[in-house]
Amino acid sequence: MAIGRRELLGLAGGAAVGGALSPVPWKLLDDSAIWTQNWSWTPTPVRGPVTEKFGLCTLCAAGCGVKARCGSAGVFGVAPAAEHATGGGALCPVVYGAHQLPYHPRRLRTAIVNGHAVETKEAIAEVARRLEAAGAKAAILDERPGRIVSALYDRIARAKGGTVVTLAQVEDRSLRTMEDLAGMGPGTLGYDFEHAALILSVGAPLLDSWGSTGRMSRLWSRRVETGKPVFVHAGSHWSRTAQLADRALILRPGSEAALVAALAGKLAIEPAAEITGLSPASLSDLALRLREQAPALVVGGGEAASSGLPEATERMIAALNVAIGALGRAGGIVMRRPLTGAPQPPQYLDRVPDHSLDLLVHEASSAGIVAPEALLRRKLAAKGTLVRLSAFLPEAFGPNDVLIPSTTFLEGAEDARGARDAAVETWSYSDGLSSVPASALPPAEFAAQLAEALQVKVESYEELRKARAAAIVAAKRGHVYRHAGGERAEATDLEKFEAAMAEGAVWVDEPVEPGPLRAKIDAVDWSAGRPEQPSLIAVASSPRGSLSVLPAVPLASKLDRETRLYAVPGEVRMNPRTARELNLRPGDSVLVSTPFGETRGRVRCDAAAIPGQLELGACGDGSQLVLEAMGAAEPGAGPTQAAQIRRS
Amino acid sequence: MSATQKTSRTPRRYGMVIDLDRCTGCGACVIACAAENNVAPGAARENDRNSISLLRVFTLNNPTAAGRRTAFLPMMCMQCEHETPCVTVCPQQAVELDVLSGIVEQMPQRCLGCRYCMTACPYHARSFNWGDPSWPAGMEATLNPAVAPRMRGVVEKCDFCQSRLHAAQDAAAVNGSLDPGIYTPACVEACPTQAITFGDWNDPEGALAKSGETFAWLEGLGTQPKVRYRSGQNWLHEMAERGGAAPAKEERHG
Amino acid sequence: MFPGVNGFHWSPVHIIFLSAFGLVLSVLLVTLAVAFFRTLRDVRSGRAGAIAWHCDFEDLPRQERLCRHAFEGAAPGRLCDRGFDCRDCETHPKFATIETRWPVTLPAGLEYPETRLYHRGHTWVEPQPDGTALIGLDDLGARVFGAPEVVELPAPGTKLSVNGAAWRMMRNGASVSVRSPLEGEVIAHGAPGGQWQLRVKPEAGERAFRHLLSGAEAHAWVNAETDRLMILLSSTPTGAALADGGALVADLHQALPDAPWDEVSAAMFLNC
Amino acid sequence: MADMAWVPTTMLDRKFVPRGVTRCTPARFSLWLTPWCLLLGLGLWAAYLCLRDGLLHTNMDNRFAFGLWIFLDLAIIAFGGGAFFSGVLLYFFKLKELNAVIRSAVLIGFLCYSGAVTVLAIDVGQPLRAWFTFWHPNAHSMLTEVTFCITLYLCVLAVEYLPVLLRNRQFRKIPSFLVFEWELHKLIPVLAGIGAFLSFFHQGSLGGLYGVLRGRPFAFRESFGIWPTTFFLFVLSAMAVGPSFLLIMTRVAEWVTRKRLVLESVYVRLARVSGWMLTFYVLLKSIDTMVWLNSTSRRGGFLPWEYYSWEPFGVWILFVEIGLFGFVPALWLMRAGKVNTSWLIAPALLACAGVALNRYVLTVQTLSLATLPFDEFLSYTPSWQEVAVFGGVVAYGVIVYSVLYRYTRLFPQEQER
């Protein structure tokens, strides 16, 4: 047969038809869909076996238990440890994205001395040299006192004549005042919210950014189910707690003292109503309820992003608690035993005289607590050295600063002694779930190397931990809660205790039987001034756990920029009506100034904002200026500040 | 999957009841959802309208002076049951209602990014990848291995953490069962006040059946959402019954 | 949609939908195919020329499509709609009986002998006693194109059709296809540069020459054609040289080398 | 040197210009094209940006998922509807006057559709997967119908325009081209028929696109069979506005070229057809609006007047669309022949504005209005890239139209003034 053009054409045609009838071309076309999906710049997660491990959240002192999901590339997800005694299956929002913190673009990877990158060893030697030179003018700022490493800091500071200081945390301020009035040592009182019928918060954001999330969430859930405890919030702005509370009393800024004095019966209702801006009826009603709806208690302390209430007001609040019988009563302010083997809580940094320190070691490893930059700097003498143990590059650092890279969330060994507000002490520890980066020093390692450089002889972290465990077992107090099964065991056998703790258990002390406590309240000064009435006030907001010197958790953008649950850093949120009155339009660049400082931002209008208030985001980059403007470094400056705004 | 296997699996209608009185608007669900589903952290350009949010929490203001001033409303895909708006409009079957789970499935690998489903969704529960998702260097290590990151140009939405459903199915299969039972989506797990109850509307004994009186948003549209809400606050019920936004006078010009 | 495609399931709606569009697509393709095969058929059966003239004629400018009876005044302004083929025209006999309204004088110097018949494409036909006919360029046509550099004549035996292409001429880049005045078979070529170009055996029948112009009618037409030529040339920058009313030179091409000859010749020879 | 360069261009240009018409010099023509080419270049650059980085270059967002592009697509496709409707009128209703504009109509239709498809290809997030619609068609989706119809109709228009191209002076030298053109032309009614079929369905399904949006009560309408009323209203409005648009474009072409392109009677015919169709459309649209406001919307739980309580979308927009841009031009156009023909461009413009407003309302207002009671009203401003891409498509239309006007006989009745 001769093969001509006709035959070839026929063959081609037949092949095309035959091919079209087979699945091959269709399958190929369909698969091309998959090819368009696999672009090289879209990352592919590493597949592999998935395990769950228990770890310790170190973003605040509460030390909630977390369940980390680990893949072959590391931790890829955080879940609450449902049975955790302190976390109780509840975590702060930012914890769910905290496993990304080790990869934050601002991660500090090298030690820095005087602006130059150096070997970590050299940096430690430099710190030791300056610490030696500073002598008594040196202090170590321990943000979470009561840890094992706190004991090491204590040893080092003591050996060289320096001191250990801590920050006045929101949960801490009211309790310390109460302890002072009652003549008790720091850390010996706690709130017994679980048995309370009514809780009055004076500016304290109980339902947001206060206490341990687990405890407050459980309390809130119980309130929804049983109607108890009743939350009453008195504050000068519509905080989230005010929005959620059963009753919210919006005070004139700075009139908290008048309110408390009126509730204590030390100020007549009429003038108090006039000063606070509340109706006399609501004032007298609240005063009545505080006494009749027992057990009730009053919480002060203020906002996390502010410096809290003035000392005098805190004393009034303590005295009011005594007056309504909350001190030493179940459902009130109860005694708790300090953790066995823990050193005494150090004094507050803000009580250290200004410019008195030649060297301040700020231990900021993985912590999420407010340490306003301005406060640290103010305590340092001219040319003083600020040493920072931090996982991240701070927003700003001075020429004399020493930066030492440290660990962050779920990295390295850590322990936690529980939230300050708790009625009982707790203790838990973890060896860390993620590997520690080569350049980073966990706090215990930092303390050990510093001690070595100073030739101070200290025990190792492990020895101290073992010693504390032994002390707890020896005291035969409290119970051990395991996360995995949720079972509870007596803390009687050291070996079993340690085994359980290594798997993420938590030791919980047993409560002290409430008994009458006495406090001297005669000396409390009840005079309440008449605050000025600013036309515009500034407040700061931030999701719990994100308020810190650390950069924000990357996914926190979902909370502020992308769902608007919180004010966006760099934005000034205000009611559209306020914007119109101020002649501002959305997107305008503005400068907000308060008596303490100023901060820049862009106007955002939000009908949810309260007229006459400027909400400033205090989370992540740029939050330092906001914190300063809010007077966070000034003791007792109050939760709101009179503000002025102008276009910039 | 053969036909016999299909019929032997109990059809479920997974859904949620969200208790608005319990929600404190903390946002834990939002971040847990983003982390679980490999949503990239917001780039500098991203805001509430151009980012990927499979789950959002709205702040509701009580228009009446009495009672609580604010409520927080978590909203994700409502998994509409009837004439699911997004399913019917998708030109290429990239959205389908799974009859066995009741979940509205989104197949990003088949999506061409026409965004018709987004205009069809009354709940604005869908997000579009306006650009390529990107993570800071090294952060790819934190990606959930069970979920493929989406590329730019495709639509995505909440699918009740389908990877967790698949894991539950696998776990059930190991035990010789075809029924994955009730699993836990990330937001449900993360909610500190247990405001979200996840369950099966087909199960008369399940948690959803016991959740009492519930309501849905935009019920008048007749799409029968499987995510429903509960609240003891009257103003929320009134607001939900009111379709469409009647703006307050002063907000109209916003 | 097909085997190997994940997750696709047929439903009646799909079948109706895809059938409807399949049908539309096939109608479109079939239409194209039909047009294609008909084209093949036309080309093979030699109808291409006639069809091409049909299309060309439609595209001729209005002033070139005037009826022959418009020139002599019987039907002023009337447009031809039959492709200058009066052989089957029903109205032609009626107009042919109408007296010419105005006397016509041929433009100075032009020769249009009464013995010849003229075609609208500027060719003449001279029937010969032996039943054949000679075909050549008419005077105006010859003056417009002058002496062609190349002439491509059809081979003897070629069938010509009325208005089809008869031969091609080229000069200085301008190229025209001369329209055939007759239907018939080419018998012989004329001498190069000679009077006539083709000897054709025309088809039989009394209407074979009916569409050709003669006598006064031809003169009227030539008058109009001369005017048209003037207009064509005057629309170019060199046109002024002609408007002197004098006699046309023998070779316009040579006299006005810068004129757009390609266009002008195309217009005069009814090329499109 | 400059002269040397110009001569061949001029000669080449002349070889393509149809005989019997005059055209400006190539230099002048280039001058006319230059700004359009610049605009096209800008559009191409913007399109490249969008394809390279994704749609983050646009100002669209999750809530405003459709923006300028979809609105303008809808509008130009409605305007391009003149192509199919003129075909129907010419080949089925034997309105012979329309022979004068049919080529221009088909070309305008082709440009409108191809422009719209180009913009859509940039508008979708994954243009590489555009063919998936043919692969995994969801027959229930209006968009599937739109995709199938537009693609096929674009082919039909291209085939319909092929004869005009083949008649170019240079192409016609190949005899079989001319024969093919002639044979194809004889079959044009078939093409016009399927063109009308496709056009009917996709103009309709473009309307249906919004009418089926159960989740958008502002757009949702009652259904007849499987199609909502907007399906039919879109078809009618495209039919009504197509001839008007053709009228405008022809007038503009006359103005730009300073020639008389069609006889006045053609304008009158176009205007009358447009007027009658517009009257019919506006009547039905009014009925539809009443039914929607009083029944459909209420059943969905939406009080109709709330839609119009957001500035700037007040009730005025409804009255402008139906009254000022509806009844007024309808009555005016119907009186064509009795009123001055040269003014007919005014009602034609009003009619086009009305249909454009209708598309705008359905796209932009639908998306602006909140469905959730607590949600806020949205606004959106297109980014320069969006505007540039659209400008590029307009430039593409102008350039192709100008070139084809120059080199083919778009208007058989073209005369010098």
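The letters A, B, C and D name the chains in turn, as written, and every chain counts its residues from 1.
Keep in mind that, in the parts below, contacts are C-beta pairs under 8 Å (C-beta built on N, C-alpha and C of every residue); 3 or more make two chains touch, one makes a residue touch a chain.
Treat the numbers as computed from the prediction; the structure is a model and nothing was measured.
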Ask   = More contacting C-beta pairs: C-D or B-D?
value = B-D
Request  = By CA centroids, point me to the most central chain in this structure.
outcome  = B
Query = When the centre of a chain is set as the mean of its C-alpha atoms, what distance in Å lies between chain C and chain D?
reply = 40
Gap in Å, rounded to a whole number, between the CA centres of chain D and chain A = 59
Message = Centroid of chain A to centroid of chain C, CA atoms only: how many Å?
response = 95
Key: chain A, residues touching no fewer than two other chains   = 30, 33, 607
Note = The positions of chain D in contact with two or more other chains are 126, 129, 132, 135-137, 140, 144, 376
Key: Overlap residues in chain C, where contacts from two or more other chains coincide   = 1, 5, 7-8
Remark   = Note: in the complex, chain C contacts chain D through residues 1, 5, 7-8, 11, 13-14, 16-18, 21, 24-25, 27-28, 31-32, 34-36, 38-39, 42-43, 47-49, 51-52, 54-56, 59-64, 235, 260, 262-263, 266-267, 271-272
Task = Over in the complex, which chain D residues touch chain B? Could you list them?
result = 53-56, 58, 60-66, 123-127, 129-130, 132-133, 135-138, 140-144, 147, 209, 212-217, 299-303, 306-307, 309-311, 366-367, 369-378
Query = What residues of chain B sit close enough to touch chain D in their complex?
reply = 45, 49-51, 53, 58, 60-61, 73, 83, 85, 88-94, 110-116, 118-124, 126-132, 151-155, 217-223, 239-247, 251-254
Note = The answer for chain A against chain B in the complex is residues 33-34, 37, 39, 41-48, 50, 69, 71-80, 89-97, 99-100, 103-105, 207-208, 213-214, 217, 220-221, 224, 238, 240, 242-244, 246, 248, 543-544, 553-559, 561-566, 576-577, 605, 607-608
Remark   = Per the touch rule above, chain B residues touching chain A in the complex are 19, 21-22, 24-28, 30-32, 34-36, 38-39, 41-42, 46-48, 51, 53, 56-59, 61, 68-70, 72, 108-110, 132-151, 186, 189-190, 192-194, 248, 250-251, 254
